[in-house]
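Below are two complexes that have subunit A in common, paired first with subunit B and then with subunit C.
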Partner chain A sequence: MWVVVIKKISSAIISILSITLVIFLLLKTANTQSLDAILLNDNPLSDTSLITQYRNYLTNIINGNWGYSSINNQPILQEVIALIPATIELTFFATLMALLIGLIAGTVATIFRHTFIDFFVLLISFVGYSVPIFWWGLITMLVISLDWGLTPVSGRIGFLFDIEPITGFMLVDVFLNDVSNRWEAIKSIFNHLILPAMVLATVPLSIIARTIRAALIEILQKDHILSAFARGISGVKIYWIHAIRNALAQSMPIFAMQIGALVMGAIITETIFSWPGLGKWLIESLNRGDFPAVHGSTIMLIFIIIVINSLLDIASAIINPRLRKF
Partner chain B sequence: MNLKACSKHTLNPLMLLLLVLLVSACDNTPEQSIMRQGLVFCSEGNPDTLNPQFATSGIAFDAGGRTLFNRLVQLEPGTSTIKPSLAESWTISEDGLRYQFTLRRDVQFHTTKYFQPSRAFNANDVLFSFNRQRLQAHPYHFVSRRSYPYFDSMGLRELIIDIKKIHNYSVEFHLARPESPFLSILAMEFASIFSAEYAQRLLEEDQQELFDLFPIGTGPFVFVRHVQDSHIRFHAHPQYYKGPEKIKYLVFAITPEPSLRYARLTAGECDVMANPLPAYLNLIHKNKTLDLYQMTGLNIGYWAFNTTKPPFDDIRVRRALNHAINRQAIIHSVYLDSAEIAESPLPPSIWSHHTELPSYTYDPVIARKLLKEAGIEQLEIDIWAFNIQRPYNPDSVKMAELIKRDLEQIDIKTNIVTLEWSSFIHRVSQGQHQTALLGWTADNEDPDHFLTPLLTCDAAMTGSNRAFWCSKDFDGHLNSARKITDPNQRADLYYQAQETFKSEAPWLTIAHATQYIAARSHVKNLKQTPSGGVYFSGVYLER
Partner chain C sequence: MLNKSNIYIQEKIPGPIAEAWHNFRKNILASVALIGLLVIIFLALASPLLVPYDPNFQHENAYLVQPSWMEGGNPAFIFGTDDLGRDLFSRMLMGARLTLGSAFIATVVSLSLGLVLGILTAIGPRLISTLFLRFMDMLLATPSLLIAILLTALFGATLFHATLAVAIALTPHFGRNIHQLLEEELAKPYVEAALLDVPNIFRNVFRSIFPNLFGRLAVQMMLSFSIAVLDIAALGFLGLGASADSPDWGRLLSESLDYIQIAPWTVTLPGLAIFVTVLCINLIGQGLSQALDPEKY
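After this line comes the complex of A and B, so read on.
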């Protein structure tokens, strides 16, 4: 078991190192002055060897010296840390939604397989899988927010609520702040969260539903399930204890792969819904040519993807002993 | 829902459930009261600073200058009449060189989490606010490492010889020469009064850089928080010297995307929106829950040629470009006819606007001829445009495309460079551009405030003269006009200045746009500033 953990951690470190190397080389060719603060060592003239420069770059990244924004001169790491909770909050709820709805839809489709319901789930998930997020986000906003007036158009909370960012997670801060109308604030937070989370969840949800369905159908044909049915054990028990758990464990690597898609989707979703997170900031920084900010947010997003993927790998190794061999 | 209605129910099991639901409904009351007392303004962009001494864009003046600060004097909204503000009265010496102000004694600075004032406003604050901009030796002059574009471009460093404190509630400005627009200059946002006590305290704690990030003023609203690219929060100043504002909370929701801004207004997330796109004007007009405010704009949208860079240092090239562009088409498709063609940099509603300036007619043949005379056969130019909508230019990218098409007809290749607003302003003021689409909205109705910051040699030094054009004739006319108080004589000099400008053609003057803001109809007593901004002081909500 520990071997797997160590292997996963070291492979994560290797991926992070190689990605920083690629970024470093790209920055060297781009040669943007605004990034000199991170790239240059203390004495740039006396030492020009590329390896030393890379070492310095890496030291700076690890020490938290991510440079300063070329627009407002604020330290990048500080801004990234202030923005990241918004992205995590959105992605977390989208993941929750995708897992919950995907699991239910996949199971329902399996139970009623080869019927109209199964066909319907497959069709919807196929559409959901193929839909471009930016279009889907705009359409839902247009219909649900503007035409029907069910949810707010954008943002994280009604503008008049004064929630001071302490942790940056709205749903935590709302309890840490002394707000007189706390429940209304929470309602407002969920109202703002639901639409972007749904849009962001669409693609992973479709994939999860289809994966679960495929895994369940495969497992249901296994001998031990068939014999359980033959013994007259109740369907609920078989599905819950023997089928779904196994299907989950088996689908874990595919779920883990969705993290990358979620983070990439978050960039688009945040931009559409003016969600003040890292992704929106990345796009805005690109527009205003603030390269240290683009660099910082890219590095942070890569770190997040790699760390979460490694954690999920370790988790699936814990759930599914067969994976421990790899 | 009120508590009385809730307590009427007697308790039986079914009613109990109902009661629980009702109690949760009763929780709404404080929230509704916040909604009733607060106003959300969907603004166009992230202000680069809240300190009006540094600012050059209306976005920053809306957020900082008018909400947080007061000046010694103020302009009556919608007119050019000077009214007392922090100064209750003033006297001007006969030679026009000494202005003595008597200050109000009842003005309190903001009390916030980060600063609690121990004294009311007095003469030290006036001295601090002007000396910071005026004297390089001032301990705050280089704090935040920004320039003072208005102060410098209006030549106040030379104009003001000395500012003396006579006693705690009286100050005297000593000028180098008579300056007829001086009082209206003091009404501009950059002349806002800051707290000297706050500055002193930060100096002692060695945290001067916080001075401009967490501002303290005397104005109608108190700063709470600025979240970059998201929102700025204020609350009403309880000890405001004119009495506290009726709206208790004011939030600027930063929404650069014009369609989203309109969506937020119709969805009720904003109460007021800046600058609706011309395309939405009709929809807003038809919508009964929305009000449209409009005002003939004191603005100019123009295309500036960087006259320090060849070939734009050649007057023939600049004239050729003036002839090459079809401005009527721009007015029609960019402004949707909510603007008029500009010939002078001064809008028609400003006195001394020259009505009979010669026009550069749209004529590609003349343009081609002029280019040939200048010896130019192949030309490739950059046009810089910005990605947000401004009162004087609803869509600068589209405008750049129309210009590009016109220039193709005279065989000029064009690259359109689109930049984000704050980096656009920053880089243009450093003169990195070849040509750029720009604009200006006046802060008051004195012609000097149009011509001096935009076209004089002083302004070329500070970068607010985006054409970096420097003409001795032009400067001479403006300088003599400033010394005269007789409006007719001044107007004559401004006519001559406009003629010099027109024949030298450092810009292509494009349009004077009508200015709009839209608000939900429960917002009352909303007033526009001549510069297209909003006065939030005095606004109240009626539902």
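After this line comes the complex of A and C, so read on.
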């Protein structure tokens, strides 16, 4: 077990090293002015060898010396850390939604296989997989927020509530702060959260539903399921204990592949719904030409993707012993 | 006179391609999608001949005209006009070229790169194989948007950079898949037999293994093509792709964002075009994989 953990951690470190190397080489090729701001903050080493420069760059990154915004001269790392909780909150709820609904839809489709319900779930998952997320976000906003007036158009919480950001996660801060009408505030937060989370969840949801369905169909044909049915174990028990758990463990790697797509979706969703997170800031910085900010948030997002991927790999090795290859 | 009639009733066994085509045609949804995609591709290719107006011409007194089937619509402008009086139908036809063309180029480039990497990692020396596999794993986790953002920040926003970013992001999907397929095939006895015949692994990969993989590569290609269309459109939407004077579908959609409430068709129709195209591609891909492996479904 520990071998797997060590292996995954080392491969994550290698990934991070090679990603920083690639970015460093890109920076060198582009040779922008703002490059010096990040790379050679303290040591003007433009005439040293490439390896020394890369070492300096890496040291700067590790030490949290990510340069200063060319717009307001704030240290980038602090801004990134202040913005990241909003993105994590949105992505977390979207993932939760996608997992729950996807799991249910996939299971229902398998139970009613070859019926209208199965066909319907498959068709919906096809539609969800094919929809361009920015368009989908705009349409839902147009219909649900503007025409029906059910949810707010943008932001994280109503103007009436003043919540001091302590952790940055709104739902945690509500309880840490002394707010008089706490339940109203929580309601407002969920009202703001539901639409972006739903839009962000659409694509992973479709993939999860389809993956679970395929995995369940494969598992249900196996001998141990047949023998369980023969022994008279109830269908619910067989599905829950013998089929769904195995299907989940089996589909873990495919879910892990969705992390990158989820981050990309989060950037687009944040831009559409004016969600004050890292993704929106990244696109705004790009349009402002604030290169250190773009660099900092890109690196942060890549780090997060790599770390979560390794964690998921380790988790699936814990759940599924067959993945513990040495 | 020669009697050509057969005494023995010979069963004619269709080849794999004919069989797949036969299975594919039975799938109504996929067949409709195939026809739909062919129509869209035809429209995109023939767009310079088909556009009713110059896509950048601003018609006077025809600002935000509604689509022809809506009340107040003008039959001269099938899909209506945008805020500057430009014909939306012409702009969408021209945009189809950019979106589908660059998505196709990205897919083909990543297929060729993926082929090189896949073959190299499957039959190459151990060290190179591990190195490239690690490299592909690293890329696999990185979304195309982040690559495009880096390229744009450093070298400027052009459709070329967007296409390049999508191609880079898609390469590991192909490389990984081809690597895995080759590994599976290399373990089979027929490869061993072929190696006895011609002891050159490189030649055998092309001559005896690849014909067996065409079907699954085609499925992967459809899947990647759909991702490429979506990604190119998303990059265009964020302003990282096509330029404003020759917009692709994503850019077209983002240009009229300010008018979404008074002129929803300027946003809805380009998005619908992307959606229908991607849905067609995905349905064809699904139909193809069902046709190749009918027992699994």
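By our rule, the second predicted complex is superposed on the first by the 319 of 326 C-alpha atoms of A that agree within 3 Å, B and C clash if a C-alpha of one lies under 4 Å from a C-alpha of the other, contacts with A are read in each partner's own complex, and residues count from 1 in each chain.
Criterion: a contact is a pair of C-beta atoms (placed from the backbone, for glycine too) under 8 Å apart; a residue touches a chain by one contact, two chains touch by 3 or more.
Just so it is clear, the model here is predicted, and its values are computed rather than measured.
Look at A:Thr59: by the touch rule set out above, it reaches neither subunit B nor subunit C.
Of the two partner chains, subunit C is the only one that A:Leu27 touches; subunit B does not reach it.
In the superposition on chain A, contact is made by A:Glu284 with subunit B only, not with subunit C. Applying the stated contact rule after C-alpha superposition, one finds that A:Ser227 touches neither subunit B nor subunit C.
Applying the stated contact rule after C-alpha superposition, one finds that A:Ile259 touches subunit C and leaves subunit B untouched. Contacts of A:Asn181 after superposition on the shared chain: subunit B is touched, whereas subunit C is not. Touch counts on subunit A: comparing subunit C and subunit B, the chain ahead is C. Once the two complexes are overlaid on the shared chain, A:Thr115 sits clear of subunit B and of subunit C alike. With both structures placed on the common chain, the touch criterion links A:Ser10 to neither subunit B nor subunit C.
Residue contacts after overlaying the shared chain place A:Thr167 against neither subunit B nor subunit C. Shared contact residues of subunit A with subunit B and subunit C: 146, 287. Contact residues of subunit A toward subunit B in the complex are 70-72, 79, 141, 145-146, 149, 152-155, 158-162, 164-165, 180-181, 183-185, 274, 276, 280-281, 284, 287-290.
Looking at the complex, you find that subunit C touches subunit A at residues 134-135, 137-138, 140-146, 149-155, 226, 230, 233-234, 237-240, 250, 253-254, 257, 260-261, 264, 267-268, 270-272, 274-275, 278-279, 281-283, 286. Those residues of subunit A that touch subunit C in the shared complex are 11, 14-15, 18-19, 23, 26-27, 29-30, 32, 126-127, 129-136, 138-139, 142, 146, 257, 259-261, 263-264, 267-268, 271, 282-283, 286-287, 291, 294-295, 298, 301-302, 305-306, 309.
Against subunit A, the residues of subunit B that register as touching in their complex are 24, 27-28, 30-31, 34-35, 38, 40, 48, 224-225, 227-231, 233, 249, 251, 253, 255, 257, 260, 263-264, 266-267, 269-270, 387, 419-423, 426.
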